[in-house]
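Dropping the structures in below, format is structure tokens.
Paired with chain B in one complex and with chain C in the other, chain A is shared by the two complexes that follow.
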Partner chain A sequence: MRGRPNLYTSYEAETKLFPTATKKVLLGLFLVVLVLMPFDLWVVDQIPVVRFLGDSVWLRLVNRMLIFTIGALGLHILSGLAGQLSLGHAFFGGVGAYTAVLVGGKSSANLWGWGLPMWVWLPAAGVVAAAVGIAVAPTAVRVRGLYLGIVTLGLIFIGLHLSRVFPEIAGPGDLGRKWPRLEMRLWKEESAFIDFSRDGHWLWFDVTKHQKTYFLMLGLVLLMAWFAVNLGRTRTGRALAAIRDRDIAAEIMGVPEYRYKTTAFAISSFYAGVSGALFASFVGQIPPEQWSLRASVTFLAALLIGGMGRISGVFMGCFFVVMSHRFVEEIVDWAKHQAEGDGLFSPVFDLVISRGSGDGGLISVAETALGYPLPASALDEIIYGGLIIVFLLFEPLGMYGIWIKVRNYWKGWPFSY
Partner chain B sequence: MKRLTRVLALLLTLTMVAAACGSDDDGGGDAAPATTAAPAATEAPAASLSELNVAYFLEWPTANQVAQIEQTYDAALGMTVNWHSFGSGGDMALAMEAGDIDIAYSQGLTPFANFVTSGSELEIVGVAVSYADADNCVAHPDYGVTAANAAETLAGQKVYAPVGNVTHYKLLKMLGHLGVPLDSFEHVPSDGGAAAVAAFESGDVAMACAFGGGVLSMLAAGGNLVMTGGEQEDIGIRVFDIISIPTQFGVDHPDVVETFLQVTEEANAAYAGDRGSMEASIAEAAGMTVEGSNALLDMFSFPDRATQLSDAWLGGTVQDVMKQQMDFFVEQGEIPEALDSYDAFVNTSFLEAISDVEVVVVPSAYDHGVTDTTIRVGAIADLSGRFASLTTQIVDAQSVYWDMVNANGGIDGKQVEFVVLDNAYDVATHLERYEAMRDTGADGVVILSNSTGSPHTAAISEMLVEDDLAAVPLSWYSGWPDAEYGANVFENGTNYCYEGMNGVEYIAANMIDGEPKLAVISFPGEYGQDGAVGAKMAAEALGIEVVYDGEAAIIPGADQTPVITGLVESGANMVWLTSSPGLTAEIMGGAAAQGFQAVWSGNSPSYNPVLLATPLAPYLEANYLVSTYNLTWGSSASPGMVEMEQEMLAARPDGVISDSYVIGWLEAMAAHQILEQAAKNKDMTRAGVVAAANEVSIDYGGLTPNQSWSGTAGENVVKSSVLFTLDTSIYTPEATITEGGSLGSVLLEESYMGSVAAAHEYDGACFSAS
Partner chain C sequence: MTAVVLGPVVLAANAVDTFVQTFFRGAALGSLYALLALSFVLIFKATQTVNFAEGAMALAGTWFLSMVFVDWDVPGRWLGGPTWLHWCLAVVLAAGMTAAIGLVVERLTIRPLIGQPHFTMAMVTLGLEVVITIIAVDAVHLTPRVLAVPWGTDSFRIGGAIVAWSYLAAIVMAGAAFLWTWRFFKTRAGVAMRATAFDQEAALAQGINVGRVFAISWGVGAAIAALSGIFASMAPWGPSGVASRDGAFFVFRALPAVVLGGLDSVVGALVGGLIIGFAEVFAGQYLADHASILGYGYQQVVPYVVMLIGLLIRPYGMFGTEEVRRV
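Showing the complex of A and B:
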């Protein structure tokens, strides 16, 4: 019976994290690649995409993606697993960030801060955000669907208002304030024993601040993803899925809706809080506008594009949402060089690319273009919006769904049934 | 006794000649004090020369002065060289006749020609220095004289110029070339350089002609050259100094003359290769400050041997110029007659005997963002975020600027590559873009000519210091001059805080009848509160009552009724706003609807010309004082504005006229001049560029007060703002650059600094977060 796909003889077998040896090996290899990615190794240079993602120019973006992924995993638990729409996810990120700066930031005449180390402020950010999540949860029991979306949308504006009422925490106006650095201290001593925000030396290797941050974030993402995956396999996870599929039916079956919705909000907000604190600390200084509706929508978009309800979908969605604009830029730049060169397809690219007034084409390569022809930034927005519509209409499972279809096609190949 | 009589007789002759020629004609005559040091007679026999006597001008910096001060001439000649400073070219000629001077370096051509015409036995052996730019005519901005329209614009106007010297000669030749009839304007005789500047500044004359520092002063006062020195040389107008000797000295000691010329040639070549390292020595030898010496050196060129021997110089032109000048003076009745030919007074045999010296240009050091051929200048700008419509124009103006720089030969012989990345007005994205900018080697940039946004620039300010990168911020926060806050952030113009002080003081002093009552309304944060704090500081210092304090009262997106009510009920008769155009319209509209009357003003950009297209236009025109950090589009005819308008017209004829272009232009000007300074220092590394930024003084061509960042912040912070009134009748919305038009603002004060700002000692941001 061993090794037959899709044949499960027990519930335990069906819910195994890695049902087959192949999955285990592939995942292990993937992890090895991820760990080696930031280094300038021959092996890494042979893998497409991965070979340049490790460069310092890209690695900072990769780090942002990893931090974003932690927040998206939180929304996955709330929306993907428990089916509760939230437009206020960025608000919880903000709660985490401002908790972090209050606990870990430096105080001065006009600013509050206790200057505690990261091992205090990071969990505190999660816990306080979770507590706020618990406070908000009761509304989720009263309203559902779009109405819940509107209620959570309100949180964004409450957050922006609070940030202005308390400049002692948020910093003045648009300027923001300095966040505690990503560094490990025992307590308030002068020098950190691990400083993720400075270049340094680990064992026998020189490591840049981005490489250090990358490993920290990669570790945290793996930890939190592992927790999120396992949550889905527990009693709580099954209860959340029941609520997602039909909350009234779940309640009739004896699933306490109030308790589980509150749990979902708490866990989701914890993730958002940790993500927000890490993000603010990673950037160093950000204005309150960062925790806006747009950020919330970006989290939702990552889930929609990646595929609602799947951890691997979350990863794909985050990769796409955070990295796509840079890839679009690179592609436009590449197309520009093609159009300028005299290669076989250069006339084709010349049709698409506009290199100045008078030169026809859909996409402008001038940095200062506005309107038509489209600059790369506008093209990116259009692709982004278009994809959300396409996925909602034709592929509700998102990129994960496409992956399943491709996989199934090749599984049965050459037999198409 | 006999000798003294002879000297006296010659001095008399000289006085007559000098009176005839004016004092501007002989190169150093104007710049050098009359320190004629009659050298001790050297009666050594011709065959065994033991020391060489050379005449030169003090305060007249030349490339060979490094060889003078380092005694390279002495070593090469194997004898002592005595350098005697003179006050005029005529004195030099006299001393040569007397046998006291063997070689005159940098003698003016006109006195030389005068002396040989009257029989002196002298000859030209080389060209010392050419300085067509240093002797020129400057047109007054009010009259708008250019090469294209000189005939019409000069008709019936006054031209201030000396009579009967080379400056006069140049003026007449230039006007002849431009087709201006010589009787169509009124020639006012000049009393010298300082008088020319005074006449120019009075605005009575359309054009004034002078020499050296006078030209620089007039250009600094907003004047423009009708023809540049280069353009004049192209049509055969030359102003230069020569190397001359007594004819007999050349016969007796040809080897000495040749060695002298060879050392000079080598010094000129070394100067051409690496001027920067020589400036201090030259200034020392010339008895000047380095700045003063450099200002003159910028206008000088020292032609090499091959150039001197070409037809353009000693191959024929110099002889022709002497003939023309002397004929001209005969016409003027200054001298009885000229010689038929001056060919006999040029002896190129010495120059022909020496060898060419190859100029080895010392390359600038560089590390990141610069290669042998390119300089990468970065901009992290908001191209798709909240301020994209403004920032794209700002960046666009910069592109035009760098294209202009490249067309003019680039910087240090390298072409500028302008790298623009979009931050979408997002701090995290700004940091990611910064990663690309700080990249090492040829992939990075050497300076950021734009870093959009206060929080964004604040987020990179520490890294700028770590990476030794300089950045010009698109932000006018008063914290940037503070070295602890923005050590490598080089802000253009004044800041929100001083703007607030100036605005309040100006309105209270000039626009309010009776007791001024101030209302202050602002956004929270580094923009709003910085401006509001400045306004309140002025109010306190001037004893103005603040009847409504709305610092940080404008919450974007919130209901503004409480602010409007508070304002209306306060009874204020003047309002200082620190807001955005949209909220200005909302608050002003609300207050005006309740019949509130006051003089309004605010930090830029509280106001935007698009408000003139709204129903608020009449209220704005009657009550609003526009305050900015720099001149707005088309609001003056300063050289910077004229240059920008011309370049933008040529490059973006369909662009809509906008004040954003000026802001971008200014940023690029600052970055350009910083890079030029770094190139001059031969250090284009990132650290070298930061060092250059800390020593350079930026000339904005009148677009905003000039600025430097050397010394302490308190010494350098710019405190003056620009004030305008509004005139809706001249407002032309959506007019393109080709169509021309106005954004409705009329210049009131080009550079206003009130007493409060002037007395304020800068010691960090007015409004600080920490």
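Showing the complex of A and C:
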């Protein structure tokens, strides 16, 4: 009986975290690659084409992506697992960020801050966001579907207003205030014992601040993803899935809808809060407008592009949503160089790229690109919005669905069934 | 949040004048919300989705008016006669162009998704929001534009109260739109739409062209969004009005009106819009003394607070049909 795929002889076997040895080995290898990723390894440099990130701009983007992933995992629990449409996820991120700055920030004449260390403010950000989530739940649980989407949209605007009511927390004006740095202290002593925001020395290696941050975020993401995966395998996770699939049937089977929806809101808000706090202190200073509808839509887009209801989909979606802007920029930059050079295809690229007011083309790379032709920054917004639509229309399972199709093709190759 | 601050606090000669002035401002804002709500409701009735791209459509409609009337001088270059007539024709033309966007959007992105979960369709409209806003703002130049409204910033007096013509125009526009909708529901196409809203499959079985109903509702919905965008961009309502990236968010403040009235009720759109409009303006006027506690711009949050209270009492809005869920 052993070795047959999709044959389970017990429930335990079916709900195993890693059903096959192959998955275990592959994941192990992947983890090793992830850990080595931020270094310039001599061995890897010898292989053509392949390069690890090293301490480059890409590593910073990866850090950003990892922080974003934590928030998306939270929305995965609420939307993917429990099936509740939420447009207010960014609001909970904001709650977390402002809790962090209140607990960990420095106080001054017109700013509040208690200056506590990171091991206090990071969990506090999550817990306070979760508490707000529970406070919102009585209204949110009563409404369904699109009504819920609109109610949660309201949270964003109320949140933005609150940030103006309390300039002592949010900082004056549109600039925001300084967030506490990513550094570990025991209490309020002078020097941090692990400082993620300065270059330094770990064991025998010199590590830059971005490499340090990478390891912090990687650890947190793995921890939170592990929790999210496990949640899906517990009683709570099954209850949430039951509510998602058919709420009335779930209630008849004895799943208390109200309690589990509240739980889902609390957990997802916790994730959002942690992610918001990390993001704010990673960037250092951000205005309240960061926590807008746009951010919520980005979270939802990551879920939908990756594939709704799948943890691996969340990772793929986050990779896409955060990295796509950079990729578009790189491609436009490359096309610009092609157009300027005298290669075989340079006339083709010259048609696409517009380098000034007189030059025709679809994409503008001029310094003051405004209006038509579009600058690259506007172009990638359009691509991003367009891709949301395209994925929903043609591949509702997102990138996860594409992966499944590719895998099944090779699984059955050369047969198509 | 938004650069649009709808009307500062008025200071008139006496309390009655203040009240009359505030009343007109509230009625005008309520009419605009009701217009937007009507557009949401028409689209929701036919395709069971909330069109989050409404703001982008309102924005596009306002741009179209500016382009047609100011840049191209379109009816004016062929027609004689008074300017205000040209302006009215240009408004109709702009609404028609936005309706065309609505038709294209419906055919390409909404119709393939009929029957999919509402989640999916709502996300599609959010994606459209991003795309249309970028095209409208970035591709059509990010410069302030004028709408050349015939009555400009003029106002008239009722006793001591000063009322802007724009307020009256908004009220008249909303009245006309609701009257038209009421009449429309009595026509053949209108009955078809009501039948489709009631039960798509049954309507299809009765020989109703459901696809045409979708097209009509999206076209009309987009046109009404454009009209409300245009009328919300007039003189007393902030210099840029809807015709800016932030301005598109004005439309999201109309969502509470829809939810309060009920997503599928035209009467609800009217009542909800007026309630939200009055609540926002009256709170802005009569709670201004407490602004230091409530925070600057607190009236913009009033719609959401009213909506949350309303939903606690009636989860499907005042006039919305309660969802019948089969077991």
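Observations on the structure shown:
Quick note on the criterion: the second predicted complex is superposed on the first by the 387 of 417 C-alpha atoms of A that agree within 3 Å, B and C clash if a C-alpha of one lies under 4 Å from a C-alpha of the other, contacts with A are read in each partner's own complex, and residues count from 1 in each chain.
Keep in mind that, in the parts below, contacts are C-beta pairs under 8 Å (C-beta built on N, C-alpha and C of every residue); 3 or more make two chains touch, one makes a residue touch a chain.
None of the values given here were measured: they were computed from a predicted structure.
Touch criterion met: A:Pro375 reaches chain B and chain C at once. When the two structures are aligned on the shared chain, A:Arg164 is found in touch with chain B and with chain C. When the two complexes are overlaid on their common chain A, residue A:Lys23 makes contact with neither chain B nor chain C. When the shared chain is aligned, chain C comes close enough to touch A:Thr139, but chain B does not.
Of the two partners chain B and chain C, more residues of chain A are touched by C. When the two structures are aligned on the shared chain, A:Lys411 is found in touch with neither chain B nor chain C. When the shared chain is aligned, chain B comes close enough to touch A:Leu61, but chain C does not.
Contacts of A:Gly176 after superposition: chain B is touched, whereas chain C is not reached.
By the touch criterion defined above, A:Leu111 lies against chain B but remains apart from chain C after alignment on the C-alpha atoms of chain A. Of the two partner chains placed by superposition, A:His337 touches none, neither chain B nor chain C. On chain A, the patch touched by chain B and the patch touched by chain C overlap at residues 157, 160-161, 164, 370, 375, 378, 381.
The touching residues of chain B, counted against chain A in their complex, run 381, 383-384, 388-389, 392-393, 395-396, 399, 420, 422, 424, 426-428, 431-432, 435-436, 439, 443, 454-455, 458-459, 462, 477, 523-529, 552, 555, 557, 654, 767-770. Only residues 79, 83, 85, 138-139, 142-147, 149-151, 153-154, 157-158, 160-162, 164-165, 248-249, 252, 289, 293, 297, 300-301, 304, 370-372, 374-375, 378, 381-382, 384-389, 392-393, 396 of chain A touch chain C when the two sit together in their complex.
Touching chain A in their complex are the following residues of chain C: 1, 44, 49-50, 109, 112-113, 116, 118-120, 122-124, 126-131, 134-135, 138-142, 249, 252-253, 255-256, 258-259, 263, 294-298, 300-301, 304-305, 307-308, 311-312, 315-316, 323, 325, 327. By the touch rule above, chain A contacts chain B in their complex via residues 56-57, 60-61, 64, 108-111, 157, 160-161, 164, 167, 171-177, 210, 279, 282-287, 290, 357, 367-370, 375, 377-378, 381.
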